[in-house]
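First the structure, in the form of structure tokens, and then the observations on it.
Which chain is which? They are A, B, C, D and E, in the order written, and residues in each are numbered from 1.
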Amino acid sequence: MEIFAYMEGEKAVRENVSLEDLPKLLADEKVIIWVDLDIRNAEDLQQAEDIYTNVFNFHHLTIEDCREARNQPKVEEFPEYLFFIVHGIKTQTNTSNFVTKELDGYLGTNFVVTNRNEEFRSIDGVKRQIRLSPRTFQRGAAYLLHQIFDRLVDMYMPIVDDFDGAINEIEDRVYEMKTGDNAILEEIMDVRRSVARLKRISTRQLDVLYRISHGEFPQIPENILPFYRDVHDHLLRIYDMEESYRDLVSGLFEIHFSVTANKTNEVMKTLAIFSAIPLPLSVITGVYGMNFENMPLLHTQNGFFITFGFMFIIFGGLIVYFWRRGWFG
Amino acid sequence: MEIFAYMEGEKAVRENVSLEDLPKLLADEKVIIWVDLDIRNAEDLQQAEDIYTNVFNFHHLTIEDCREARNQPKVEEFPEYLFFIVHGIKTQTNTSNFVTKELDGYLGTNFVVTNRNEEFRSIDGVKRQIRLSPRTFQRGAAYLLHQIFDRLVDMYMPIVDDFDGAINEIEDRVYEMKTGDNAILEEIMDVRRSVARLKRISTRQLDVLYRISHGEFPQIPENILPFYRDVHDHLLRIYDMEESYRDLVSGLFEIHFSVTANKTNEVMKTLAIFSAIPLPLSVITGVYGMNFENMPLLHTQNGFFITFGFMFIIFGGLIVYFWRRGWFG
Amino acid sequence: MEIFAYMEGEKAVRENVSLEDLPKLLADEKVIIWVDLDIRNAEDLQQAEDIYTNVFNFHHLTIEDCREARNQPKVEEFPEYLFFIVHGIKTQTNTSNFVTKELDGYLGTNFVVTNRNEEFRSIDGVKRQIRLSPRTFQRGAAYLLHQIFDRLVDMYMPIVDDFDGAINEIEDRVYEMKTGDNAILEEIMDVRRSVARLKRISTRQLDVLYRISHGEFPQIPENILPFYRDVHDHLLRIYDMEESYRDLVSGLFEIHFSVTANKTNEVMKTLAIFSAIPLPLSVITGVYGMNFENMPLLHTQNGFFITFGFMFIIFGGLIVYFWRRGWFG
Amino acid sequence: MEIFAYMEGEKAVRENVSLEDLPKLLADEKVIIWVDLDIRNAEDLQQAEDIYTNVFNFHHLTIEDCREARNQPKVEEFPEYLFFIVHGIKTQTNTSNFVTKELDGYLGTNFVVTNRNEEFRSIDGVKRQIRLSPRTFQRGAAYLLHQIFDRLVDMYMPIVDDFDGAINEIEDRVYEMKTGDNAILEEIMDVRRSVARLKRISTRQLDVLYRISHGEFPQIPENILPFYRDVHDHLLRIYDMEESYRDLVSGLFEIHFSVTANKTNEVMKTLAIFSAIPLPLSVITGVYGMNFENMPLLHTQNGFFITFGFMFIIFGGLIVYFWRRGWFG
Amino acid sequence: MEIFAYMEGEKAVRENVSLEDLPKLLADEKVIIWVDLDIRNAEDLQQAEDIYTNVFNFHHLTIEDCREARNQPKVEEFPEYLFFIVHGIKTQTNTSNFVTKELDGYLGTNFVVTNRNEEFRSIDGVKRQIRLSPRTFQRGAAYLLHQIFDRLVDMYMPIVDDFDGAINEIEDRVYEMKTGDNAILEEIMDVRRSVARLKRISTRQLDVLYRISHGEFPQIPENILPFYRDVHDHLLRIYDMEESYRDLVSGLFEIHFSVTANKTNEVMKTLAIFSAIPLPLSVITGVYGMNFENMPLLHTQNGFFITFGFMFIIFGGLIVYFWRRGWFG
């Protein structure tokens, strides 16, 4: 648990504010407070819930949501504060395994509370920044929260842009695959799954930011709204790309399928050529392999050569026939 | 039929209230009443309809809806009460057979009526809870109903989360299937059917909870709305996942199809190799099997070995040819 | 043409009211009138249009709509009356040939006019009912019309529920089909066509009932609205099921396709086994069928048995090979 | 260019009004004017634009739209008039080549201007009608325009209804095709293209008529709105059918594909039977064709018959085997 | 950086206005100013940001957006100005590689600022025009901006119309392809990707123009709105076509697939004919190639001819059989 506080006019943000001072500071409207709770064990949880209940007096449903980890992004208004759930992406996320982590929190007129179970690079970044300058705090709690959201959404960008490359790369490998390959199918399905997950999160997250950035909540002052609209626009871009990706991923299946069909077609042609040419020739050799005595040409001097020449003509004719039909390559 | 009643200030909830006392209690605004009707036979039905008509004076269309069992979730406002239909999931439900059961009911300012033909674990749970403490009743009828809805929707969660695993597991089996298999297709189709059913129910149920939780009905006091919004958010998550699942299930068909195509391609290659190598060799043996007397090499000492060597070269050449085309594995 | 009239306070509905009395009755607000026109020939049509124009003074566009038979469901408000078009289902309708018939009509404050070219079981039912008791008329024209709509929509239910069974049954037959079968494809396409038609009608019909049941039209008194909402809810269920069915029908194609692919795969395997085993053996027999004199083993005592043993080993080896690849079964 | 004018109270519509009289007539509110401009060459265009600019004083953007020919249907309100673009269908349109032509125009309180580059049967029809009776003009400019729209939309109906037949007919031919056929695929793709074009036009056209018929524009008097709603309803039917068609056309692809797969399956079976039966027999004949001296049965009296009998048993066994698997037909 | 200014009443637009004069001119409401910033290096960027910050005092979020190059089209209102991002298409864009470039900018009551990193033909065009006549400036800043948008959107038209041809051309090549061809698949996928990108851009751009052209922003005077609506309508056409294209592109996959399936079917038939005819004949020749002494016909005079005749009958019979099944072409 880290508590930051900034009082109007001060030169720096106070760090490591003690829990005892919190109620007094909260009551002072000239102080902006950020309580960041990184909950890793039962003790942390107990402490967090104590603060929520006794210091902030938050609605217990929101406290329950903080405790759970399977929520969708949402924002809920209460008379004194907003409660929000947003999702950041995990560090190890990639295009074939898109995973997110939950950031819950509260925004009051003069405080921000962030609640999480995992490392958030966006939060670390904001902390570094406020240690350098109190500017972020000077613009108020809503602006401080915007800084966190902004960085959190920016983390999505490289991953989402990677999808384009990943789809391209799979596409190329599909064209080049020598043999039908389940591994590629698994990869396509993984990307599909990631895109579906991305869609699920970004749709709701977009909704949250739309509501926040369009003046629905009095906790966000008018002059801060453009900052949230900016975050909203970044998410909108992610959302739009995700729609394209879904289309392209389903194109990958079709391409994989068509390439396999092409390959099968090629194998069939090879088979056809290798069957269609020897089999008629075998009939001819078979005829002269019969043990009849009285067969035309059998006892002539050039019988074999005539027969062989005939076989050769058939052979050449079939080669030409298949060539014309474009079966050689 | 079980009737619970709680009078403001009392220490416990009264159980097994008799039908005769019901009208008097209903008239007292300080009493919160819950009538739970579990209708299993014609007699139960008769009794229930008597109560609805004579004690509560419910609209007869709603009584008809209670009698039927093929309704979609809905909520309808009447001057004195809300009528609702929601669906819980059956105990035996699983991902390949998603089935729901209907819970009908009424919410008035000081009463809740629940009407059903089946066991509901959510209702049993609420009963256990009110036997422990009257807290649920103290917050009023709307809160009591919320408790039922909350538990009912929570029952969906494990089933809905299971879909993810089920789809994954089918996917793995598709990759590993040795032979094209209708059983897997049947399973995929069953999951598809379940997802379709889940969608049908959850769309309407979401609609019901949206309307209830957004202040449309005066029966739900302002301070209870967040509790219903919480249920709504849980349903929203189910709804969002269902959309992903639909996408993934249709991916299963495509994967099954592609894997089958890969298999066919493999079989074709095996066939092609086993045909393309022996058939030309057979032509050669056929040639020397012809009964002509005058054939080159035929009567030489090493004729056989030369021919055999030639056959071996062709054999080796074809092996190399197919190897290069990547047909061996 | 049948005309029913009911005057407030009377004990029974008057049947076979004469055309001459109609204007006088219409002018009396205490009388509820139902004019049912079953138009089968040009004469009926002439009479109907006379009544519409001269007695009721309906807008001529609505009269044109009554004359035509290719309309979508709709409802249009005029100052004195509502004009509606709804669709009932034909008696011979089934899941592979879903056909509807048009019921046009008017609703005024004290009259209902129904116009049709076909038998409607729903209308016959209402007639039977009003002969038993005037209760339906006592609640006013809007309630009378609701009775017709309610029965008309209820006729959809068994057909719509049948789709589920039909799709299931086709699915089973697809799994069991021994040979690729156009007849099943035709059936699937017929069901698809039916579902498309059902969608087309039910979407518009739902719209009509939504507008009627949500208080948009003053012709429907407040206390009658719940009855229309009930019809609307039934239609909503039909609409929801239709969406599921569309999904399942398109699943049928995929299953048919996959089953065919499985079958082809099986045939290929059989072909491969029956080719791959004899062909190499034929090469061996071909070798010893060559007419060279100087061949190893040829003139030995056990040459044949050694060769035959070798062939048998190859035979066994191939059997094992294909067995391991899972091609037997 | 044809100009029609009708003055209140006159018995017939004046035809061939001269351009010089136009401004004076326009200024008279008791005169209804229709200017129909059929622009075929640069001269017509020049004249039309002169009239638009100098007589009517239309916004020059609308004049530009009139000049161009690649517009979507739209309607735009200006203080003095409405500008509209609608699409009629070309005479040579059919289900595999759905093409439309543009009709631009203006509607003022007492005038209609129609601008086009092609023959319109709907306009010719209205002209014939107004030569018979001035009734159309008597109801005002908005009613006159409705007449044109009504006929123009009615022209769609037979074409749109034809799609159903065309799709059916292609479906039948797909079932009956003996050999995979690109011509049918081209046809399906043409119909798909037509349906896409129909959708593109009808969606916007529907929008135009929705806005016109729902009282958005003061140029359309209240009592004329039902007439436009009627046109809107006709278009709605077209729109609804187009949606069905899209579904069915994509079904055609699936059917074509499945039928081809069935055919391939059949060919495979034939191939398998014709390979699987002779090949094992050939091995037997090959064995006794080997030139070993010491072979069982070889020198016995009935060796051949025993061997032949054995071959016959294998032959019969295979026939039965394939028969049981349902490969014969 | 180019600055244009026009003072009411002047005969020409002033070019190359110096940066120093800018603040004074901006303060004069009778002057219309256009600042066009073509930013190619860090120095340009520095200068641009100085102007934005010091001269115009723009919100720094918009300045950030100008700096970045991965934005979606948007429009944002600030008290003194509008900020917009629109996309033009790059010169090298074609149907298989649809790429856009960003144009950012601001619109105030008397100024337009355009910010870009690339050549824009639309901007060059507007510059040429204003050098000819100050008319564009005379109508105000909003009209000037409209001119840029109008030309920018018009650039889309030929590219978007090309898609139709490109899809047609690919379709034709698919029908004519001799051998399954990954190159065509790559092309189809490229077009699909282009259509997806076109959709992504045009959806948001349409939204921007819808908001601008429907009177939402006070910066656009009433009389200029029709001009923006015109641009909106052009974009709407692009949007509508894109939807059709998506449908057709996915049709291309299906056609490619069906054509490949047809080809495979053909190859199979050829294979079947070339296998099914020789193999039975080989059995017969094999029989008489067996070295039994006691075989029927073997030692007769016409044995060979009878056998050969029998083979010929089988040959003919099979030819007829396959002919009847339509396997010859």
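Going forward, contacts are C-beta pairs under 8 Å (C-beta built on N, C-alpha and C of every residue); 3 or more make two chains touch, one makes a residue touch a chain.
Everything numeric here is computed off the predicted structure, so don't read it as measured data.
Identification of common neighbours of chain C and chain D yields an empty set.
Within the contact network of the assembly, the step distance from chain B to chain D comes to 2. To fit its Cα atoms onto chain C, chain A must turn through 145 degrees, a value rounded to the nearest 5. Comparing the contact residues of chain B and chain C by number shows a mostly separate set, under half of all numbers used being common to the two copies. If you average the CA atoms of chain A and of chain D, the two centres end up 40 Å from each other.
The distance from the centre of chain D to the centre of chain E, with each centre set as the mean of the Cα atoms, comes to 24 Å. Across the assembly, chain E contributes residues 257, 261, 263-264, 268, 271, 275, 279, 282, 286, 289-291, 295 that each touch 2 or more other chains.
Chain-to-chain contact here is organised cyclically: the chains close a single ring, every chain touching exactly two others. If you walk the ring beginning with chain A and heading to chain B next, you pass the chains as A, B, C, D, E. The part of chain B that touches chain C in the complex is made up of residues 59, 61, 65, 70-72, 74, 76, 78, 178-182, 185-186, 189, 192-193, 196-197, 199-200, 203-204, 246, 253, 256-257, 260-261, 263-264, 267-268, 270-271, 274-275, 277-279, 281-282, 284-286, 288-291, 295, 298-299, 301-304, 307-308, 311.
Of all residues in chain B, those touching chain A in their complex are 157, 171, 175, 226-227, 229-230, 233, 236-237, 240-241, 243-244, 247-248, 251, 254-255, 257-259, 261-266, 268-269, 271-272, 275-276, 279-280, 282-283, 286-287, 289-295, 325-327, 329.
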